[in-house]
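Below you'll find the structures, each written out as structure tokens.
Here come two complexes built around chain A, the first alongside chain B, the second alongside chain C.
And then the complex of A and B:
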């Protein structure tokens, strides 16, 4: 594997990939994938898995490269869409977008929605490009790391991520640790991830699916913000300030994006909740490194750029274990693995040599998808920012509706909105007591994975 | 900043925006057959059922709209089917796991034998026990010898507890006290294979033929009663003198709601049976190492009944029925009417 870098076949491979992607049909498919992904990312609840399920049958009729590129386009297009709603309305469609919300939403409220969106787009572009570069040069070597991390190692990485967030989130370590415990407890009901038996369902079979992530996210952030604003006396106001971002801030935000990209790339290679872990960890890291940690939570540019870059970098990097090891790191990658099997591509360390057109073609498609996303993102930032300037009295019914419909779609039933409202109330209660809901969300997302890996580690020595 | 968008315009735009998620449902309405697959896209069942549906469309002359209803190890899809109108417009594809294995351990919102009607069994997954290509054991006999020698320290990665491959291995171990393994459950065959390549387990139950053929994984034994045509040199359970218990759990089955009119059932099962013989379908099965086991409506019903009767003893023998939350009194769930939902 070390000889890989010196091997000229990498470059000839890239050329083969370049040749493979010279087709208009392919470009249209990538573009429509990205655009569709962006649309579903903006609609909370109707996440990329649903969009991929809808388009999955296309894999049977398309060639391998266009089919997989289309599905991947949805995947990272949705990441961008999630950032848009997080920044503008404070509703994260996906767990990855939560860390973006911490700084992005205060910035939008401060009248800097356009700049925040542009910064987020540029940061995720940086993350995506660096990660793609990493895929080309290092992934064949580094993807082995995913194998070294056995169950015990993965459980340890996740526990570290939880602790990192606990000790850096607002409200203090003690409160954050409590929130982490609460999040882990909320993740308990439903099917036990290892034994597959129903637990804590209290006789409702609907609860056998457990607490719905979409409802939790929309309730904790969307509805929670809304209730907090409605309950407080002074109306939440969007300012109309158009101060440009100072050059020095741009520089430090770019540095944050670089750090975030590296963090995201490395996390993406290991299957431990890549995007979520990476973005939370990057936010925590930036806060630690910053000379003005008190600005975090009130719109720190570094805190916006870092997580955005890292979650996109992680999204890109998670293609490496999928393609080079056949190891899916999240449900979307699992669906892609199925798609690969259907089109007859066998993932494995020899994929770059055995099917160079496909491997390098896909990487070129990922890069170009990022460029398209940059163009779309910068082009649409102004349009999205207009929406942010709507007065709060017009905006809040829309947020409420989006949260309720989103949670309905997410849970596929009325139990979604019910849970969503419940978590909204819980969130108001927690905030009044000075607790931040962020560690809770991270713990909820990582909980079942942590449990699985811990049990695997124990079962393999017991 | 003086210009204003009329509120009615804004409202209209938002309404259109909000109704987007409903679009697929509206498109799906009409005189069509809806087939829900009880697992998420990407798996063997999903691929097989989608190809089957595409082929059956030609026979039926109707559109078949395929959607995924994952969750609860297949429970969600079957539960929804059991509640829908029995007019042949709704079908579900699941793994017999959801009918035979899960109801033994969980309370299900449906009665596996009464609430749904089997139309066709259209495949049977045949997991293969694999090791690393450079592992010291090259065949099943040396692997078994190593197992005995190391006295229960060998770790086998299985794609989940209670999956056919786990049951097959657990039954092997239950039949021979000198065989002891530590079963490490993973989320699926892919994860188990990765753990194997990383050296975290000594062997794994996998199901991806192409990777075995490329030499990335070394096959030891087919964890099913019969050899796979694609791996003629790899012994099966029967060849090594073990019983084949997993057959009840690993078959792909097509279901209709109970009380669907007999003529409709005949028409549907005829079309799907023809589709299951098509070339495109067999190609997909081969890619996923699924054996083309085909059972007609009557055979499928008989098979379910027999498997249901035998399953309890098998699970008990393997010590799986006694795992947490599998209380013995729930064993009668299928025979008796479940309470409420």
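And then the complex of A and C:
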């Protein structure tokens, strides 16, 4: 704490960040990102990776801070959006919202749907704000600690991160290891790092720049999610009755939200599917601490607020290792790392000093995005209920054409949509075999950097 | 029939992983370059590990509820729409390719003709406005359109 208070660069950095975000266009983009993220989170079967992938091509045309803020807004907006379907329909919009379902849906069935949505919104807001504060306080500490990492240390951290993801991802360690290695191999074609020679192009000039990240993301999560939903009986699952929305009355789970925020922040810093881990851990903690544990499973407010706060706190905290260490802790952060590379922002311990406008501007955007999330969440509960009831047959053609157009823009040619379709079919094959595509994407983004650090380390001692 | 499909999926994934690992192992540059670690070190290491993991990949228990004939037919719609879009894009241009692919997707998805036309028109118009006017990204006009204008 003394280091933070004695460090004038933090205050000047925050001031620079606030100056950087004085733009109506930026706020509209943040608002759009949060709204789109919440919308995507509400739609069952369509997760935030797909929404981020759809808007990924915008990174090429927007300036760095607005582009990254837009994608970030989708991320934490979707964390809240997933809770909406969990509470209203008993269908988790994404994996992180499963723990929310345990208490949120019984509350909705008991006629307290709007209260439950409001509690989830306030809990998400609490988690996001406290986590953002943690990032501000942690930045000098993490920056100084990261300076001790050379190429060998960075390579070791990345390898450990991939192994940790392998052992904590759904499907088991062997399947996840296969996915990670497949991701590393997919990242090989094109120019070799350090040496700059072409490799594994098999005579195709289209592979000279490697597999395109946008096409991979859109294929794996856009078309892949779509095909997976069509292969299951997805349409039937959306036709559930939803509870009416009575007015808000209760805010008794603030302490649970605080505990969840701290838990989520700490787990968000490490790479192991933090949102899911944090939300389940928070639910278990609240049940352990509650004076009335028998209420859990029947609509306990603490069991709703804690997981929601931890979920959003973990989402915010995952920005810290990404920005300060260049280490993505989940596939969404991996996509953001790709976006940062495209816009020319080099994440690392020197980022707060070398690009203070961007770094502190992004933190201010994260804070204000949480405020917007609070306003939208409290104001749009009825709208989410309507959107979640739209027939899936009207939504998936839109998703499909957005994926194809986006992949065309990303690759600036027909190879993009071809790769997108290939990865969509690959995603189906992987899911049919119990493999999650998330470790593959993480490894794809980390692979070139891991190879670079490893080669640098070996060359320094050879 | 469903167990046959499950078996096909399982073997297809293993074959894909083995092919990817073999390609990385066999088609890479040399491991050493002038006596130093070269651009082939990492690909060969990754390829070898992938081959090993592919051999050790566990089999998944077949799920009788999934991958029925009707679900495969449902999933065929997006695939055919994608292929149609890819085939039409360069000769016909983005707008006709998008409209026709969206129409195929809607019809195979179970939408009525009215719903399909509405979704296609709105989607094509919104995307075109967003890309061309808002983002100033030139979408392909198509060879046939260019030829027609030239004539």
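For this structure, a couple of remarks:
The rule we apply is simple: the second predicted complex is superposed on the first by the 263 of 462 C-alpha atoms of A that agree within 3 Å, B and C clash if a C-alpha of one lies under 4 Å from a C-alpha of the other, contacts with A are read in each partner's own complex, and residues count from 1 in each chain.
Note that in this section contacts are C-beta pairs under 8 Å (C-beta built on N, C-alpha and C of every residue); 3 or more make two chains touch, one makes a residue touch a chain.
Nothing here was measured: the structure is a model prediction, and the numbers come from that model.
Of the two partner chains, neither chain B nor chain C is touched by A:319. When both complexes are overlaid on chain A, the residue A:394 reaches chain B and chain C alike.
By the touch criterion stated above, A:459 is placed in contact with chain B and with chain C alike. Of the two partner chains placed around the shared chain by superposition, chain B is the only one that A:54 touches, whereas chain C remains out of contact. After overlaying the two complexes on the shared chain, residue contacts for A:360 are found with neither chain B nor chain C. In the superposed pair of complexes, A:194 makes contact with chain B and with chain C alike.
Touch criterion met: A:209 reaches chain B, while chain C stays clear of it. Judged by the touch definition given at the top, the superposed model places A:226 against chain C, while chain B stays out of reach.
In the superposed model, A:405 lies in contact with both chain B and chain C. Overlap of the chain B and chain C interfaces on chain A comprises residues 192, 194-195, 197, 199, 394, 398, 401-402, 405, 409, 455, 459, 462.
Within the complex formed with chain A, the chain C residues making contact are 6, 9-10, 12-13, 16-17, 20-21, 23-24, 27-29, 33, 36-43, 46-47, 49-50, 53-54, 56-58, 60, 66-67, 71-72, 74-75, 77-79, 81-83, 85-86, 89-90, 94, 98, 101-102, 105-106, 109-111, 115, 119-120, 123, 127, 131, 135-137, 139. If you check the complex, the residues on chain B that touch chain A are 1, 7, 10, 14, 17-18, 20-21, 24, 40-43, 46-47, 50-51, 54, 66-68, 71-73, 75-76, 79, 102, 105-109, 155, 160-162, 182-188, 190-191, 193-195, 197-201, 208, 210-211, 214, 216, 284, 287-288, 323-326, 341.
On chain A, the positions that touch chain C within their shared complex are 58, 61, 172, 174-175, 177-178, 181-182, 184-186, 188, 192, 194-195, 197, 199-200, 202, 223, 226-227, 230-233, 393-394, 396-398, 400-402, 404-405, 408-409, 414, 417-418, 420-421, 424-426, 428-430, 432-435, 447, 451, 454-455, 458-459, 462.
By the touch criterion stated above, chain A contacts chain B in their complex at residues 39, 43, 45-46, 49, 52-54, 56-57, 60, 146-151, 191-199, 204-205, 208-209, 240, 271, 321, 325-328, 331, 334-339, 341-342, 344, 346, 348-350, 390, 394, 398, 401-402, 405, 409, 452, 455-456, 459-462.
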